[in-house]
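One chain, subunit A, links the two complexes that follow: it is found with subunit B in the first and with subunit C in the second.
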Partner chain A sequence: MFELTLQAVFSGLLSGAFYALIALGLALVFGTMKVINLAHGELILLAAYVAYTLESVAGWSPLASLPVALVVVGICAAGVYFLISRIKRDRELNSLILTFGLAIIITNGILMIWSADVRSTGGDWAHGAFVLGDSLFAMNAELLAAGVSVVLVVLLYLWLNHSWYGRAIRAVSSSSEAAKLMGVNPRQLELLSFIIAGVLATFAGVALYSAQTIAPELGHNLTITAFIITVLAGMGSISEVLVGGLLIGVIEALTVTYFSSSLRELSGFVLFLAVLLVLPSGLSGLKMKTRKAGPTGVSPGSSEKPARQKQLQHD
Partner chain B sequence: MTNSKMNNRILVAAVLITTYVLVPLLFGGNSYLLGVVVSAFTIAGIAVAWALLGNLGGMISFGHAAFFGIGAYTSSLLAMRFGVSPLLGLLLGGLGAVVASLAMLPVLRLRGPYFALAILAYAEIFRILAVELKSITGGAGGLLSIPGLPTVAGFDLNTKLGGYFTIVTIVAVSVLVYYLIRRSTYGLALRAMHDSENATRVLGVPATRLKALMLIVSAFITGVVGAFNAHFINFLEPNYAFAGTWTILPIVAAIFGGYRTLTGPVAGALVIYLMDQLLFKSLIPQGHQLILGGLLVAMILFAPDGLVGVLLRKVKGGGDHATT
Partner chain C sequence: MFKQLLLKATVVAALACMSATALAEEKTIKIGSQVPLTGGLARVGLDFLEGIQVAVKQANDDNEGQYQFELLTIDDETAPAKAVAAVEKLASQGVVALTGGYGSNIVGPASGAAHELGIPYITSGGMAVGLTQRGFKNFFRLSNLEGYSKAMAGLAKMVDADKVSIVYNNVESTTDLAEALERALDKAGIESVIHSYDGSTGNFTPLVNRIRLQDRPDVIAMVGYENDYIAILRAAKILKPDIKAIVGGWSLATAQMNSEFNDVVQGVAGTSMLPYPVHFSGGEAQRFAETFTELHDKTPDYIAQFSYVQTKLLIEAILRADKAGEITGESIAREMHKTDSETLIGRVTFDENGDNPHFANHIGQHQGDKVELVWPESAATAQMVLPGRPW
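== the complex of A and B ==
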């Protein structure tokens, strides 16, 4: 039983790191714009299908298809932003419905172009076994996806904290009015964060295609996973996204090992609701609580609106 | 004022006569078409419930499939295991959905997107439970030969036409309930809450309790519609009863028709569903919902008040809170 548990934790950590990659783009956009992009999972899936097409038509390996997928998904992500930026009022809720509509469009578009069949990569290396200390098993692709994910989380974290653009994005997320006064163009930065979300979605999509099977209705599940982890991490906190992903991954793997694989999804949802109700500002809120660092930011549970929104309403 | 009231009464009478007399007379013979119309009204019922929660409660829900599925399962199981009359079962299905909504009350304190997606999580949990609790629900195999609606006063409701009259009545009563709530002091408080929740709290409006009430009413209506659908098609399985379609179509319908109006969701559902089934499906056999997604995007960007909202503004020349 101990070995089984160890294997479950190992697999859980690997899939959890990949979950973090799925959530990263969503968390970034949410942190910058307070907009939940419900089409995020569909963008990931689109990248996976681009990789599939290039492999089946031109024989490219999934990794080689990254540049093409980056262009396709980057353009789509910019398109999503363009549409969101044209919402006239009540952006927080209307963007939810708008991106919900975009998700329906992409899912059905994929269904039309690639049909409902399940696809997976034919590459031998990706499905090859990786053995750690002759008792822990993983697929090569899983390991690669997890590694890429950790690297991207670190890069994004460094970029947000140490580059001018990163600081500007954080400034826009805390007050776009004040950022404007400091010579930052919020629209430009919102677009930038959407494009970066698209880049992250592309990596996630190509990794997804290398490691798993893909089908048109998968996008919806990806979005939900991404949102669960974003909530778990707390608003706009990038490093906690990795922790949140790992947590979900391990809990799901343990549920499968000890109970049943059909309860895997359930464990994620239950954790999600528990966090929403007990710890509305997520893992980052937990950190603040233990530090006793004064008043926290606007938690999702509170109903107060930032002053900037009120101002916009009076315009 | 009295003139417009008079006009409204004439309009209501005209709509009622059309749905109860003209439509059955025209389409009563075409059982395929009547079936599609019944499905359209089924969507309309959920759309009204969704819009009630969205407009009065200020909450966007992505989980109405949960209420629909629970209403369907409650009524079907009561009828199959305990021989409860399906007509009574409709109400009990609604009550089942209300019980489920009570489990959701803690998420009411969440705002905006958090609420919307927490409810989605609930819907997924209920679907998984319906699959897993095989001893009660029959699991993924589903329930077969669910009893149909009974004969009332010599009129057999277990026909396409009987089903039509039943669902039309359910939708009409739902719209009436919506209208009465909106007209009441509760409705006024809820509308004030939409402008500023904190201000209304300060004035002593029990905001959370009112929102809870809206969630319960919305769940009840959706549960009744779900129960009706189960007795109408006589078959149920988890992936059908809790399908995302029961959430997607009502949202598109309500947004398309105008979710801040009374009749918008119904009109939207009829237009959207009939177009989807009779037109889009033949144009694009696979992936026809693509057009629905496109409509949703277009409406949010260009006409967030919906079709009925736009028409009303043209007629009346302004006014935020349309009354029809």
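== the complex of A and C ==
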């Protein structure tokens, strides 16, 4: 029983970290631009297929294909932003429709180029076993993906909080007009957000190809997973993306182990709804609730800016 | 006098020519095919269509000058609503019968629409039990769950299994097969434990670990689709449950799986009518293989074999219906019910529900870069390699 639970938690943590990696790019764009990119899953899939192509044609390992995949997906992400930037009114709603259409185009493009066959890396190392104490088992690729996810969450968090560009992106998210007055070009920064989202999607795609199988119809599921984790974490919250992913991963694994694998997805949704019922702002709301706030939402005596100017909560 | 005779002779000659022309006029018969060419079942759908195309080509070659069969194909995009729309469109284009469909959740609605339109529908891609329990007199199915479950249970018996863990995708057809397998195992005196999973599952480690630690079976039986099999096998390779064999349902013991995922499927068994590489000798089998290669520049697999047989039987029924007087939905269905043929997949007849009671599948095992038939003994091309697992 203990061994079963331990493996379930371990597998759940690895799956959850992978979910977080999938969601990171969507969370960034959602937080900075209030835009839900419904083609995010397809960008991840595109990266996976670039890795597949380079492996099958040139014998490159998935990791070696990263630079090429980064360029391809980065360009596509920039292209998606270019189209979104043409929207003049009701950007939040119209971008949903636009990116939904783009998702269909990308999916069918992938289908035409690579056909519907199921693909996966043939690399021995990726599917080799990692065994810890004869009780914990995982694929090498799963472990690597989880590690990469944690590293990227940390790097993204640090970048958003401690770099000029990161602060500028947060400023644009808070008030585009005010940011312009400070000499910030909102369009450039939104483009940067999208490209970085593309970079994150690339890592997710290569991880997906390494650890699982890929097929053209997967993009839709990836976007849904990313969206759930993003909303669960709370808009614009990066560190909570990892927490949300881990929570869902562990709940799903325990459900599969002790109840039924058919209830796996349901358990994730139940957790999602339960959290939102208690914390409508997502997991990031937990941090806000635990602070002793004054009338303006700022701790008394604090030099921090009022909460309404901090739409991007990264602490 | 002479002029009158000449005139009469001219008229008679003209009438004779017109009759000859009418007799020589080739009859065009439209057959419809609604298959998944995009979406989740696209790969199988393409294989399916290739087999259908072979049957149509052969029919045109054999009946040149008398009949021209025109195949109209519409992609159902692996979506039930699109499949219904495809059937309706094909009906509006004048097809006399339909061959195709893959996936019970798609075949069901599509054949329902065909039934409403009075068009016979034949498939080998819908296994759900309910499909032949609707009272449709114009629905025909070449293969059924009993043929698959019998084969999988036969393998379990062959390796002296006492307990089998069945892992199945929770869509209708795979659920039906899992339940049929459970019954077949029970009949063979073999204990079984069943585990369902959602089709979007990517990580099977918790499930396989549960099987390893709690079930402790002799055989793991997988009922799902290609991506499911790969994920389950990869998880099993990590956890290494102590089992005698792993066996799967459809789409596992195929050339595609052997060439794309050779290291993952070594030793794994699955249902298959044909070995790989396929060897056809003599008669219809060789002709099928040659025509297939001529059209598609590759060797056929069992999916194409099924769709070829179903389409050939349909065409034969249409020809009989025409010779009997007329080609209508009813007359074709009547002729289909009279079918009793020896085909590439064995004897085929259709009972009152449209099922083929003679269908019996085989089991193939991935051995190196081949798929060898290992069950039943009468069809075996090699001995089964044990343990039948990729570790």
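By our rule, the second predicted complex is superposed on the first by the 287 of 315 C-alpha atoms of A that agree within 3 Å, B and C clash if a C-alpha of one lies under 4 Å from a C-alpha of the other, contacts with A are read in each partner's own complex, and residues count from 1 in each chain.
Just so we're on the same page, contacts are C-beta pairs under 8 Å (C-beta built on N, C-alpha and C of every residue); 3 or more make two chains touch, one makes a residue touch a chain.
None of these values were measured; they are calculated from a predicted model.
**Student:** What does the overlay on subunit A give for subunit B and subunit C, a clash or a fit?
**Tutor:** Superposition result for subunit B and subunit C: clash.
**Student:** Figure out whether A:Glu3 sits in contact with subunit B (first) or subunit C (second), or with both, or with neither.
**Tutor:** After superposition on chain A, A:Glu3 lies in contact with subunit C alone.
**Student:** Quick one: classify A:Leu63 as touching subunit B (first), subunit C (second), both or neither.
**Tutor:** Neither partner.
**Student:** Looking at A:Glu265 after the superposition, I want to know if it touches subunit B, subunit C, both of them or none. Which is it: first, second, both, neither?
**Tutor:** both
**Student:** Quick one: is A:Leu273 in contact with subunit B, with subunit C, with both, or with neither? Answer first, second, both or neither.
**Tutor:** A:Leu273 sits against subunit B, while subunit C stays out of touch.
**Student:** Please work out whether A:Ala138 is in contact with subunit B alone, subunit C alone, both, or neither, and reply first, second, both or neither.
**Tutor:** Touch partner of A:Ala138: subunit C, not subunit B.
**Student:** Taking the superposition on A as described, I'd like to know which of subunit B and subunit C A:Ser120 touches: first, second, both or neither.
**Tutor:** second
**Student:** Looking at A:Ile36 after the superposition, I want to know if it touches subunit B, subunit C, both of them or none. Which is it: first, second, both, neither?
**Tutor:** After superposing on A, A:Ile36 lies in contact with subunit B but is clear of subunit C.
**Student:** Looking at A:Asn108, would you say it contacts subunit B, subunit C, both, or neither? Reply first, second, both or neither.
**Tutor:** A:Asn108 contacts both subunit B and subunit C.
**Student:** In the superposed model, where does subunit B crash into subunit C, at 25-33, 97-105 or 223-231?
**Tutor:** 25-33
**Student:** Subunit A residues touched by both subunit B and subunit C?
**Tutor:** Overlap of subunit B and subunit C footprints on subunit A: residues 108, 111, 115-116, 262, 265.
**Student:** Hey, which residues of subunit B end up touching subunit A in the complex?
**Tutor:** Those in contact with subunit A are residues 60, 62, 106-107, 109-114, 116-118, 120-122, 124-125, 128-129, 131-132, 197-198, 244, 248, 251-252, 255, 284, 286-290, 292-297, 300-301, 304.
**Student:** For the complex, which residues does subunit C have touching subunit A?
**Tutor:** 38-43, 46, 78, 170, 195-198, 200-203, 205-207, 209-210, 213-214, 226-227, 230-231, 234, 237-239, 256, 260-261, 263-264
**Student:** Which residues of subunit A touch subunit B once you look at their complex with the stated criterion?
**Tutor:** Residue list for subunit A touching subunit B: 36, 83, 86-89, 92-94, 96-98, 100-105, 107-109, 111-112, 115-116, 220, 224, 227-228, 231, 262-263, 265-266, 269-270, 272-273, 276-277, 280, 300-304.
**Student:** Considering only the defined contacts, which subunit A positions touch subunit C in the complex?
**Tutor:** Subunit A reaches subunit C through residues 3-4, 7-8, 11-12, 14-15, 108, 111, 115-120, 122, 124, 127, 129, 137-139, 142, 212-213, 215-217, 221, 253-254, 256-257, 260-262, 264-265.
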